[in-house]
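One chain, subunit A, appears in both complexes that follow, with subunit B as partner in the first and subunit C in the second.
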Partner chain A sequence: MIWEFLANNSPALIIAIPLIAAFATSLISRVSTRARNIWVILALVLTEIFVIILLYQVFNFGTKVYVFGASSYNLTLPPDSGGIPIRIIFVVDAMSIFMAFTASTVALAGVIYSISCENEQTGQDKYYTLLLLMTVGMLGMMLTGDLFNFFVFLEINSLASAALVAYRVDRGIAVEAAFKYAIISSLGGLMVLFAIGILYGQYDALNMAMVAYRMQATGFSNLDKIAMALLTVTLAMKAGAIPMHFWVPDGYGKAPGAISAMLVTTTYASLYGLFRMCFTVFGLAANTVTLGWFLIILGVLSMFVGVTMALVQHDIKRLMAYHSVSQTGYMLLGVGVGLATLGTTAFNQYGLAAMEGGIFHLINNSMYKGLLFLTAGAIIYRIGTSDLDKMGGLGHSMKYTMIFFMIGALAIAGIPPFNGFASKLLIYESVYQFNPILSIIAMIVSILTLASFVKVFHSAFMGPKRYDVKEVPLPMLVGMGILTFFIILFGLFPNIAMQYLVTPAATALSDPVGYITRVLGGGSL
Partner chain B sequence: MMSKIVRTQANFLYPLIMIFGFYIVAHGHLTPGGGFQGGAVIATGVALIAVAYSYKNVKTWIKKTRLTATEAIGLLTFIITALLGISRSFFYNWLANTGLLFGQPVPYGINPGYLNTAGTLPIMNFAVGIEVLGGLGVIIMYYLHYIKEVSKNAV
Partner chain C sequence: MNLDFLTPYGFWNPILWLLVIFVALLVAYLIWLRGNSRYKKGTEQTKPFLSGYAPESKEAMMVSASNIYWGFTSTLKGYYNFLRKMHTGDIRDYLGWYVGIVAIMLILYILWGGA
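On to the complex of A and B.
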């Protein structure tokens, strides 16, 4: 009874718990710092638990819907609405909950890490409020099935992230980075809003399933093309794909350590939005081959330009930020190949495998890139500089950080037995059947990634002892340990991740008809 | 601090601004406006007082910490009102048509607008009004924090 209640309401509770926690943080931090820390961690642990409950539900019983404000939680089409879903509906399919699992895990690791990383800084209550709001924004974008609601969560996410990037002023450099990020985000937000307005004007609906259904019925108009261009370009910009990547190195590079790790999942929330728009909203009406090649070209550009820019960096976090751009390229490539072959026989031969590779790479990259940013934060926390030329010999004293960094670096370079290998191999094999050149570029990028991280590892941890520092405190190691656990788990047993997370996600994403029927088919399970 | 004329005007206008603000918040479900607009009107009252009486005096009357707490309480009221309907669904309007507070059913047809209707909507309007009052109040106070006091002889 209580289990059923919690399971049915979990989509709402995943949003409600961090929201309540965020608003109450400023009141609770007046009691004591300790109470506030426990409160914030508890909120994110609860969120993670509900995400796992929902993951279990979606895996066993298929896509779940949650209608806000209706007399019953699954009443998508009220009897008096005339067959239109009028309320805000959360549609949680396997892809959404896969993303939510990634985001909430990284957020949990980030907040545990922050407890000791930020404990000597000022304004901590607002830091945690913003951190929780950022988590709400990400989770909301991933779970919602409503276009305008997507925009609202996108804005919550952008504002909270921009404020957090500027949190450690650092003589104004961080503020400049945050200003750039805020301008880009609000410009992007306006373009998304404009595109949603175009779609609303044509189809009298904001629900993604309804818009997709009516678009397929009436055909793909020129206005839809404009809306599609605005949405895909903006969301690709927010995901940091190459011609629009310029905010990424500044934003990632200047944010506090835990926030950099969470910004990775923030950009993947936008990447998820891009995939959702391409497959579900426009997938039935638009030409998926063109759209797929758009993603593939963005992906190849991001991979190659990202890694070549990373090779020349001397700032550890800027370097990792460029690698983040480069790794996003793999996901765009994998999912783009899936989109380009959607609906043909090639999709079952290698398209689905490419999508699985791209999606698997998404969770893998969130984990190891998060871990790398956390280790970079640990180094900066101890020695106070992010310049690689001034580092050296940290391996003598910061042994655990060094081990975590090694695991992260080997995972990003795609070395077995870590998780990067599993997803990259899937991408190489399937993309090779689509177009061998793309696969070869992806392999070259992987080699360059390894070269770049060998350089970082050598200059930060090897060599004679230059700094007399201690290992970072335990909560920071726990935060890194959570992410390391998933890296090793998914590396040693990729079939677990494939079976329970990735394959259902790829199947759900490539099935827009199933999504639409789930929402418009009446709502009863 | 401004001249006596300005201060008297401010004293006179302040209650009117407050009443107008509360009117907009309370009639949010009937007329244009609502929580955000009403809260913004109320916050202009804070701005007026701060202009008429200098920031030095006003900061002892209106504390930033209290405004922050107001903001948090407004937001919590909003989300908890939404959460109370969770036995049906999140954001379910559990007060409408119950006969309790704001629970009067709306009669069919053209009517002058009944205040005691709409269930949780007015409560959420009040919550947003409180939140915006706190939030904008804090913003105004932080802006005024950086104003330099110029002595009369300097002009």
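On to the complex of A and C.
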């Protein structure tokens, strides 16, 4: 009975647990630091457990809806609602839960890592409160089926992230980076709200499925096109796509190590939003070829410019931040090819595989890029600088960190048998059938990525011993170990990720009719 | 469980790949065993050799990160100059790019955005 109750309410609990934990953190901090640390870890472990429960439900029983405040949790259209889903509804399809699993795993690794990494900093209760709120924002964006609710979670996420970028307030440059991130996020949020207002004004609804249904029924107006431009470009900016990526190296570069890792999944929450808008909200009414090429062009630009900018960086975190931009390009390219071929025979031939590649790359990159940021944080934690020119010889004393770095670096460069290879292989082969030049660019970018990480490895770990330091504390190694586990698991057994996470996610995302039908009960209004 | 990871053109089996790598490493190790065994740790043999000059400092023994791909970046000087000009660090420029892309996409969507 209790298990059934918990399982049925898992979408709400995934948000409620970190949210309540966030506001209680300051109180528990007054008891003791140890109690606070246990509390925060426990909250994210519980969140992860409920995400896995929900993942099991979605995998076995299909898309799950959760209606807040209704007499029954799955009553999307109450008899007296006039056929409109008036309440806030979480719509958890395989894509949503795939994203939630990625975000909650990285958050858990990040918080365990932070226990040691941040233990000498002041304001830790605020740090953990904001970290939990950041998690709430991400998860909310991924689970909600309501446009305004999406905006609210986007704002929660942006505010918490900006505050965490500025966490090291003693370094003025961190505050400057946070200020830029806050400005970009505020403008982005405002434009998202404006676009939602346009859609609400036309369709008298905020539910994504309802808006999509009515948009298709009444035809695609110029106002819809304005809303589409505002939503897609803003979310692309929040996802760090070039040429709107400038905030990424600033923000990622100055945030604490664990927060940089979580900022990766934060940007992917926006990337998820972009995909959701393109496929579910506008997919039935808009020209998906135009939308697909929008993603492809952003993807190719992001891949190439990101990696070439990374190659010339000598700050380890800025270098990794540019790589993050570059890797996002792979996802945009893969999913863009899927979108451009949606509804054609090419979609079944290679479009779906391209989407699977892009989506698989999303979880892979979250894991290895998260790991790389944690290793960068570990280096900075020990030697106090992020300048590669001042590093060297750390492999003598930080052997575990070096091994974790090597695994992350090989994975991001697409070297087998790590997870990056599997997703890149899917992207190369499927995109090659769409346009060989795009695939060749993707391969060149991979080579440049390897070159860039060879540079980092050489500069940080090779050479004579320059610093008399020891390995980082155990919790930091555990945080890195969690992400390494998934890198190796998805690398050696890509079929596991494909079968249980990626293929269901790609199939769900490419099926807007199924999404609408699940919410509107067959679409009969 | 089938370990073959199917792709549009064929398949990929990481376990098989690992086996091949293991055999290759084994062969490499056997070759290494047949090599010169006069290597001694902590002697002149293990000191860095910089064309006969003594290294000035530990820092000078390594090529610094900023210089590693000097040839590559010098060849692409024009491209990198353009990118550096683009990355001003000024928030007004960040917003300018965003507004520009919104404007371009608005025009493109109005022309070709409808189904």
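Keep this in mind: the second predicted complex is superposed on the first by the 520 of 525 C-alpha atoms of A that agree within 3 Å, B and C clash if a C-alpha of one lies under 4 Å from a C-alpha of the other, contacts with A are read in each partner's own complex, and residues count from 1 in each chain.
Here is the rule we go by: a residue touches a chain if its C-beta (ideal position, glycine included) is under 8 Å from a C-beta of that chain, and two chains touch if they have at least 3 such contacts.
Not measured: the values here are computed from a predicted model.
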Item to check | Partner chain(s) touched by A:F23 [first = subunit B, second = subunit C, both, neither] | outcome: first
Checklist entry - Looking at the overlay, what does A:A12 touch: subunit B (first), subunit C (second), both, or neither? => result first
Checklist entry - Who touches more of subunit A, subunit B or subunit C? => result C
Checklist entry - Which of the two partners, first being subunit B and second being subunit C, lies in contact with A:I184: first, second, both, or neither? => result second
Checklist entry - If you stack the two complexes on chain A, which partner ends up touching A:F246: first (subunit B), second (subunit C), both, or neither? => result second
Next on the checklist: For A:V169 in the superposed arrangement: first (subunit B), second (subunit C), both or neither?
Outcome noted: neither
Checklist entry - So, does A:I38 touch the first partner subunit B, the second partner subunit C, both, or neither? => result neither
Checklist entry - With the two structures laid over each other on chain A, which partner does A:Y66 touch: subunit B (first), subunit C (second), both, or neither? => result first
Checklist entry - What is the contact status of A:V513 with respect to subunit B (first) and subunit C (second): first, second, both, or neither? => result neither
Item to check | subunit A-facing residues of subunit C, complex | outcome: 1-5, 7-9, 12, 14-15, 17-18, 48, 58-59, 61-66, 68-69, 72-73, 76, 79-80, 83, 86-87, 89, 91, 93-95, 97-98, 101-102, 105-106, 108-110, 112-115
Checklist entry - In the complex of these two chains, what residues of subunit A are touching subunit C? => result 179-180, 183-184, 187-188, 191, 220, 222, 225-226, 228-230, 232-234, 236-237, 243-244, 246-247, 250, 284-291, 294, 305, 308-309, 311-312, 314, 349-350, 353, 388-389, 391-393, 416-417, 421-422, 425-426, 429-430, 433, 451, 455-456, 458-459, 462-466, 491-495, 498
Checklist outcome for this item: Interface with subunit A, subunit B side, in the complex: residues 68-69, 71-73, 75-76, 79-80, 82-83, 85-86, 88-93
Item to check | Touching residues on subunit A, where the partner in the complex is subunit B | outcome: 9, 12-13, 16, 19-20, 23-24, 26-27, 30, 66-73
